[in-house]
Each structure stands twice: as C-alpha cells, then as structure tokens.
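Please find one structure pasted underneath; my questions will follow.
Think of it as A, B, C and D in the order they're written, each chain with its own count starting at 1.
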Amino acid sequence: MSILDWFSENNNKAKVAKKLDIPEDVWVKCSSCNATLYLKDLEANFKVCLECNYHFRVSSEERISQIFDKNSFKEIVVPIEPIDFLNFVDTEKYSVRLEKARTKTKKKEAVIIGEGLINGQQVNAGIMDFSFMGGSMGSVVGEKLTLIIEKAIENKNPVIIFTSSGGARMQEGIMSLMQMAKTSGALYRLGKVFVPYISVLCDPTTGGTSASFAMLGDIILAEPGALISFAGPRVIEQTIRQKLPKGFQRSEFLLEHGMLDKIVHRKDMKFTLSSIIGLLNPHPQKKS
Amino acid sequence: MSILDWFSENNNKAKVAKKLDIPEDVWVKCSSCNATLYLKDLEANFKVCLECNYHFRVSSEERISQIFDKNSFKEIVVPIEPIDFLNFVDTEKYSVRLEKARTKTKKKEAVIIGEGLINGQQVNAGIMDFSFMGGSMGSVVGEKLTLIIEKAIENKNPVIIFTSSGGARMQEGIMSLMQMAKTSGALYRLGKVFVPYISVLCDPTTGGTSASFAMLGDIILAEPGALISFAGPRVIEQTIRQKLPKGFQRSEFLLEHGMLDKIVHRKDMKFTLSSIIGLLNPHPQKKS
Amino acid sequence: MKYSLSFEKPISDLYQKIEQLKELADTGGIDLSAEVAKIEERANHMKEEIYANLTPTQIVQIARHIKRPNTVNLCKLIFKDFIELHGDRLFSDDPSIVGGIGFLKKHRVMIIGHQKGHDTKENIKRNFGMPHPEGYRKALRLMKMAENFNMPIVTFIDTPGAYPGIGAEERGQAEAIARNLKEMTGLRVPVVSVVIGEGGSGGALGIGVSNKLYMMQNAVYSVISPEGCASILFKDAKKADRAASSLKITATDIVRLGISDGVIEEPLGGAHYDWDATADKIKKILVRDLTAYKKMDVDVVIEERCQKFRSMGNFGYTT
Amino acid sequence: MKYSLSFEKPISDLYQKIEQLKELADTGGIDLSAEVAKIEERANHMKEEIYANLTPTQIVQIARHIKRPNTVNLCKLIFKDFIELHGDRLFSDDPSIVGGIGFLKKHRVMIIGHQKGHDTKENIKRNFGMPHPEGYRKALRLMKMAENFNMPIVTFIDTPGAYPGIGAEERGQAEAIARNLKEMTGLRVPVVSVVIGEGGSGGALGIGVSNKLYMMQNAVYSVISPEGCASILFKDAKKADRAASSLKITATDIVRLGISDGVIEEPLGGAHYDWDATADKIKKILVRDLTAYKKMDVDVVIEERCQKFRSMGNFGYTT
C-alpha cells in the first residue's frame, strides 16, 4: 500500500491541464483524447473535457467554488504544520520537499477543512489537493480530517470528504500509517451519533487513503474515471507479472464490483450531494 | 429453494445404511465405497464407514447418544402436531403422508428438542431427523426450534442444532416459508442476550433450512461430505445446463468458500462441541 | 401487448371485432356506432367476468406479465428525488436488486426491491429478477444505513426466486438470505413490504421480513414456484395448474392465511394496464402506514415485527 | 539454519572452527578443550556484540526469518484448547490469516494473526502471509464474535502487507482494511496486539487497532517495505538499507515514536533460536494485560483505545 505509482513527476504532470505554448496560455490539451480546448470553456465546464468527458484534476479552491453556495465556505484554520520529525532524507530532505510544495502550491498542506452550505444545507467538509505532495496523508492531513469529523460530532453537520491522494506520506514513516487508524476511529465515533458521512473519490484515491476514510462513506460517490485502489497498478503488475485489464481500478470498475454507490459527473456533483444530504440527514439545520 | 432433489425415494434410500439380504441383517454395504461392513462395527464407529470415512445418516436417537452425557438428554415434549390446513394433495394427501411417516419412523415430527449435558455442560438442543419427510420444516418443526431457542433466552444455555433437512415443507405452502423467518427471528433475539448458538450441518442441509437457522450459527460446524446448499444440485444443473464439479456443495467445498468454521468427524463431535462451549459461553452453568 | 394472455383471448377477439366494425364504418361510410357500443359493453362485461374469476395459474400469468410495473418504475412514480445506491461493498453490484433513497411526501425513505426487465435484453441484465448473494448483501447494507439515519424501509418483492447457480452457491446464497432474515427482524425502523408481482420463496422473503406485508391484487407469494412444486411433488411438470391451486399463493389466500396485511387493488386486468393508478394505490397505503409508524416508539415497532413472525405457523394441539 | 543470515557469517565461521577442533581432538586423541572453550567464549562475545548492534536491515532479516515462530506455532505454545475457526461467510477462507479461540490461563480469548509458512510450500499455501480482503473479513467476523461473547482479542501481526493482486482489488482490499480500522476502534472488548515479525503497512494495521501494541525485539513495523520505499522515494531499489534506516521501523523506534507500548525480548539472535522461550515471554505479557483489563470497565477500555489512536501524529504549531 501507499505505493504511489503515479506519484512520479511525469505521471503527475500528465493529469493536470497541460498548458500549450500559445500566447496567454488560453489553450490546453486534453490528456485523455488530445483535443485542444479553450481554457475558459474548460473551466466553465467544471474542468471536464468537452470532447471526451475526461475529468481533469482540480485544486481544492476550484472544488470549493464548484460545490458550495457562493461565499459560504469558511475554512477552519488549524494552527499546525508538518514537521520533519524523522529527519527523513530520500533524494531530498522532507523539510525541503515541504518548502517546495508550499511554494509551488501556495498551500500549507494537502487538505483544506471547513464548513459551508450546499444549497442551503450546512456541511463540514475536507477537500484534498493532489498538487501538494501527491495529496499524501501525514500527521497534519490526518489531524485536520479528524478535527473536521469531530466538529461534526458536535455540530451534527453531515461530513463530506473529497479525496485525491496517493496514500500515506512515507516521509513520516509509521506515523503516517497511524493516520489511517486515527481518521477511521473518528468516523467510528461519528457513526455513533448517526451523522452521515459522504465520501467523494476523485482521481486518484489510493493506498492508505483508500484503505481508511475514503472507503468508509455511508455513501461513496466517485468522479468518472478516477483511479481508486489499494495497491497501485504498477505494484500489481510487478507482482503478478502481467498487464492489467483496461479500466482496472477505475471508478466504473469499482461500481461494478460493488464498492461505490454512484458515479457522478462533476457538473451534477453539487445537486447530487444536496439531494443525498436532504434525504439522509436526520439532523437537518438549514441556513440560507 | 426448498427444491428437495434428493427428496426422491431413490436418493433417500441410497444414503441410509443399506441392509443386505443376509440372515439377521448384520452386514451393511457402504453407499460410498461399496465396502461390506459388519453392522456392529459400523455402529461402534459412530455410523462412519471404516473404510472410507463416509458418514451415514443417523437418526436423532443415535445422534443424542453420540453427543450427550449418558441419560442426560431430556426431551421437551411440545403438545403440538402437524395438520393439513391446506388440504394439500399431490400424489397423495399430506395427512396420509404424515401418517405414513409417523408409522415408518415412530416419530411425531422431523425434529426433537430438549436439554442435555455435554461433558457436564448444559445445552439446549434441536436434532433434526431426515427420515421424517426428508427432515422438512413445516409449522411444527419451526415452532419447536423456536421454542428451544426461546428456552435458551431464559436459561442462557448455549443452543446446538443438528440439521438434516431438505428445506421447507411444501405441503404447508407459504406457512413453511415463514418458519424461516420465525426461527431466524428467534436467533436474533438469542443474539441480543449473548447466548452462543452452534449450528452443526449434517447431510443434507438445503433449501429453506440452510437459508435460515442452519447458516446463522455463531459457529458453524459440518460433518464431512454433507450436502449443504441453497438450491439443490439438480435444479442448478437444469438451470445452467451443465454438469456440476465434483465435490460441489459438499462440506469441504463450503469450508473453502468461507461458509463453515470447521469440519468435524463424527467421532470428534462431542469433544469439539464441548470445547467450543467451554470457550464461547459467557454464561456457564455446569452440572455433573 | 394488450390482452395478450391466453385467457384474455375472448376479450381480444371482441376488441378485434370492434376494430373491424370501426374500419368498416369508416371505409363504407356506414353508422355502426350502436353496434360498436353494444360490443364494447359486452367486452366490458366479459372483462369484469373474466378478471373476477381468475384461476391461480391465470393470476400467476398476470403477476409475471412482462409489462407489469417493476420496482424502478414504481420508485419513479411513487417517490420524489429517488437516488439509486449501488453495491454490496464486498463483491459486486447485483442489478436484480435495486435500492435507493427518496421522499415519500415528507418521509425520508429507503426503498429496496427486486428488479425485473420489460424485455429480454433488460431481463438478461437483471437476471430475470433472480438475485445473487450480492443482491441480498446490498439490501442489508442499505437497510443498516436506513437504520442509522432513521429512515423507514419499503421493500418491493418481485422475484421468481434467488438464483440457483454455481457462483451464487459458492458465495453463500443461503448465508446471505439467512442473515437478512435475522437482521431484518431487529431493524430499528419500520419496514413495509409490497409483493408487487412474484413472491418467489426464500428469494422473496430475503427482503420481506417486514412490519406490514401487502399483496398486489394479482401478486402471488409461494414457498416454491407452481412449476417446481409440480415436478417435485406431483412428479409431473405439467401439473403446475394443480400445484398453483394447492399451494394457496394468491393475494386472498395469503391474507386469509394471516401472512399478508391486505390486498392492494389493481386496475381491471392487472397493474400493467395502468402504472400510474397502480403506483397511486401503493403510495396511499405507504403514506398511511409510515405516518402511523412515525408516531410509534421504535421498540414497539420492533416488537410488532418480532411477534408477527413469531406467531406464524399452523398446527394442531395434542391432548 | 543456524547462523544462516549474512551478518551471522563471523559467528558461523567460529562455530565451524570449533567443530573442526573437536573433530581434530577426537581423531587425533589430543586434548583441545581449552582452545575450544576459548573460541566458544569468543563466539559468545561476538554474538552478543553482533546482536546488540544490528542494523535495521539486519533486524528486517531476522523479522522475516523463515524459521521464526509464526502465529499457529505461538497459538499452540501459548493457548490451551486452541480451536481454529475458518471463513468470512462471504467468499472464502483466507489461509494467510488464521483465527480461533483458546484459553490463556482462565481467560477465554479470541486469537487472530497473519500466517506465514516455514518453507516454500507452506508459504505458497499461506500466500506468504499476504491477506486478501477475505482475510480481513474473517478477522472482523471473529472479532465481532469475541465482542458478543465477551472475549478479549489477541492479534499477532506478521505480514509483508496485504496482497497486491487483481482479485484482491476487485473484492475491495481497501474497503476490507478500512472497515476493520473503524470497527476495531469500537470493539467492546480489550484488544492486545503483538508484532511478532513483519508489520507491513495497512495490511498489518488491518488487525492492529488495539489497546496495547507490543513489538517483539526483532520485529519491524513500517508504512512501506524498505524495498518499496527505496524504489519509490529513493528511485533506486538498491537503497533499501538506507530506506530501512530512514523509516524508523525497529522495535525501539516504534516504542520511541509512541506507537508501541513495549518491546518483548527475544532469545539471543532471534525468536527462531528458541520458540518456547519466545512464547513464554509473550504469554507473560498477555496474561498480565488481560488480567488488568478484566478489572476495567468496558467503556474505559474503548475510550483508551480511541484516545490512543486519536493522539497519534507529530506536527508543529504555527503561531
């Protein structure tokens, strides 16, 4: 697990909207069907390819604007930050990696948590961002997700977590593994007070993230075509020494195998979440 | 379900110890390996073939003597009897069938219930008998099993049910189907008071019996080679129009497929049950 | 598709005659409206006569009618904002059982039902409404979810039975059904079931341990299919008619035996003649019951369900 | 098999010399006992020296030693009347996780552990201790049973990781592990875990959400195998040594990081040199803990486990 195949730079690049060398960067190429798309069209279409429905990865900010009622999302800022407590050095120091990630993404970590409204209904949410170290879960990600779940135990708002993560953050060693138990434990306590938890799996959701809170939704939704797995495809190929079938470990495959409640196109996500919350939530508290 | 393939006379005959045409009936032929066995040897060996370990079907009386401490089993006589409330006639009247079964088996129904000791440990037990109308479950069988479970809710004795049944008794129509829900419901209430229930599957356990109390044991044991299924082999063959693999729906097959805790040779059954009860039972009440 | 069942032939013949007369009137410019009206009246009488005296086998035919409204049809007609939920979280998503959430007026409801198709292609996809263990496990997952979020459960029963196949047996068909019987008994929410078509044996009961069970007027509920019973007990597959009668499987039988709480009337000739009217009838009953249950204490609801099944059985007393 | 690991070569060389001297003494009729004693003393010193200064990679070698006592070995040595229980009641019986019930002194205990083999044949049967989802589901079934009958749970952790294969993914490896993490959190009985060999990632944690976690002296516990880490992060599979050091996976590391509650000492050189002594050490700890838990209120036991994992994480505070 936590074998982040696609963590590698190359793969990572392929999945984000690739800007073309045309003045003002207004054109992007779809990494799935190679169509050349006008950036504004793509953004107006929820960053979904107009030709082939390929769902580009989106940043947490984009996700928030797509899902929450205008200006309703209030981030909960937690005064904690990742530290390199193992003095971990691979090809570079963890502390340096963190600094680079912060600079590149202008974010402090791979998840944002907060409260917001979805069609007037209050929810607590966590939104992961793959751009920050592959969305990997270390102590801070685990802690922030735990906090937003615990907040829901108090305020009884449904919890929604959008995942996009390669799994546990190896640079924090065993402590990253324990975040799986920590977040899952928080969900156990959430379940005890009958507050619904909806997990929305976005590309990619693998390793320690999938094997903990991601797969524990009362309702599990996924975006089309997302890679969702425990072991990454490359690890499996190396283990079984054969090519994997097309579509293996993609959302559609998981739906067929009973692991998902529903695959939802990004443009329908807000509406679907809103309906589900309205139906599931035994503690509705509306604000408009 | 409740398609009692082997309910047919032929099949039924093949499974009981076939007495040979030799004076005083002291020899029997094993229906599995064809070995000719001395009846007393066979009986001393728990009615298990000395050559091939084939487990012959045994009557409820034999089962009781094999499992319970000497003279410890007290039958609970329930003053009820099956009636032909649908006036059901197939090739013969249900009432006539019942009469014939009573005459042939000297039993009143396909199950005996009672309390007894297993190595000094008190249990409530139900013992089914295939010889009475294929061990089929009608209102009386369902009621008696429900009663012995309910008795355990009071006296907190572990429950053991030895199954040997082709399923629901079609001659009682929908009412026989409802016995599945009745017995399973009783087990739900038993579970609520944390009293262990051990199900021992003997040849055959199929249809409505397997799809209710038989498969609901906290621990499920089976005798070797028992046919255990929902749909009978013949029905499946007719549906899928191909031969079934050897060993399909036998105990060993079910163990491999995760449906059983353990396969236990008849000679080890008492000891195994005794150990399990000692380990599992949170309400031990010993009597010697 | 209208009047396509064998016993409906006299009706379809009459309607054919009416069509012929109308055509004749049109082409010949003759006024045959009096004749037509007369035959139409005869047809109506005949329909009432025929449908009021259906044999069990004929009812089975209606219960299995390919155009009969199925679970998904009824979900869309009865519930608002219905969202289908998939998967057992263990092995697969069984298309022969569908489940989802929706509003029944103000009630947040979990709906689960067997799913048949309206043509061969759909039926192959739905495995003719015969679930694998995965279907029962999906159903149980959804029922537990309903329990968690305090949503009453409605189940629609419509299956020839659980699927008799190798994979189904390997993955524990018996275990899956048995577990549902046990777990449904204790659900901390009310459960209301309607047999909307075919109530086939353990495969039907696997989602049918409910507080209230209704039979559609032309639905059947049986421990075994008439055909299966004929071939096993009567030793003659052709005696399905007799088996159908002997088994007492019609709505009135099931009510009389104390298994069902009532019959929901269908449009003349069967539910397939008017889906909307059918859905409406069901909806009224569901609203009535769920409203009543909303006022009841949950422990009373569980106790009612426990006692209902506890008391089932028909036997004599010895002296 | 003795002293067969690469870093044990100096020891095995010395013992070889001792054997040669003894043979020489035998055949030549010379008294070399003083020499032998001297070298034996040197060997003992060397052993102490070597085993006291093992690198993480060397410890990994011991943790994976094929003769190391596995779960079934330890069950037989530690528990009385051990009865293995099989199956997940859903799909199969996974031989790479074993479970069963037995007595630990007066305690009725549920034991669950990963299972490796002592040779290739056994290892193939046990899938080298790498479970499929069925293994985790069997484990959960047995844990729920233990909860029902008020039996404390002991888990033995010893796996390279959950199996990365097509079937495992199809049947929800991630779901199975995740569910165990959640459900174990709330078990109404105490859970004590011992990493008896290799604690491989989520596959280990899947049966490791416990009140107390012990590390055998030469056990390791890691978020990823050193080899996997080397190839992914170090971009060089040969840097497993460095990865093993960086990841902080040894017993002392895991205790220092606050993840484990203590180290259980092994015989000099590793548990495989003395199964009985190893089992005895484990047994003492288990008896001590289970006796203590017996006196505790179950809600306190759950709260302890919840809080233990709740508090895990290492981060800085911003101002």
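Just so we're on the same page, contacts are C-beta pairs under 8 Å (C-beta built on N, C-alpha and C of every residue); 3 or more make two chains touch, one makes a residue touch a chain.
Bear in mind the structure is a predicted one, so any value in this text is a computation, not a measurement.
Centroid analysis (C-alpha atoms only) places B farthest from subunit A.
If you average the CA atoms of subunit B and of subunit C, the two centres end up 33 Å from each other.
For this pair, subunit B with subunit D, the centres built from the Cα atoms lie 42 Å apart. Across the assembly, subunit D contributes residues 89-91, 171-172, 175, 179 that each touch 2 or more other chains.
Among all residues of subunit A, those that touch two or more other chains are 191, 215, 257-259. In summary, the structure contains touching chain pairs A-C, A-D, B-C, B-D, C-D.
Subunit B makes touch with subunit C in their complex at residues 1-4, 7, 79-83, 85-86, 88-91, 138-140, 142-143, 146, 168, 170-182, 184-189, 191-192, 207-208, 210-216, 228-232, 235-236, 239-240, 244-245, 248-249, 253, 257-259. By the touch criterion given at the top, residues 89-91, 133, 137, 171-172, 175, 179 of subunit C touch subunit D in their complex. Across the complex, subunit C meets subunit B through its residues 161-166, 168-175, 177-179, 181-183, 185-186, 201-203, 205-206, 208-209, 221-224, 228-229, 232-235, 243, 246-249, 253-254, 257, 259, 306, 309-310, 312-319. Considering their complex, residues 191, 194, 196, 215, 218-219, 255-262, 272, 275-276, 278-282 of subunit B touch subunit D.
Contact residues of subunit D toward subunit B in the complex are 81, 83-94, 101-103, 108, 134, 138, 145, 148-151.
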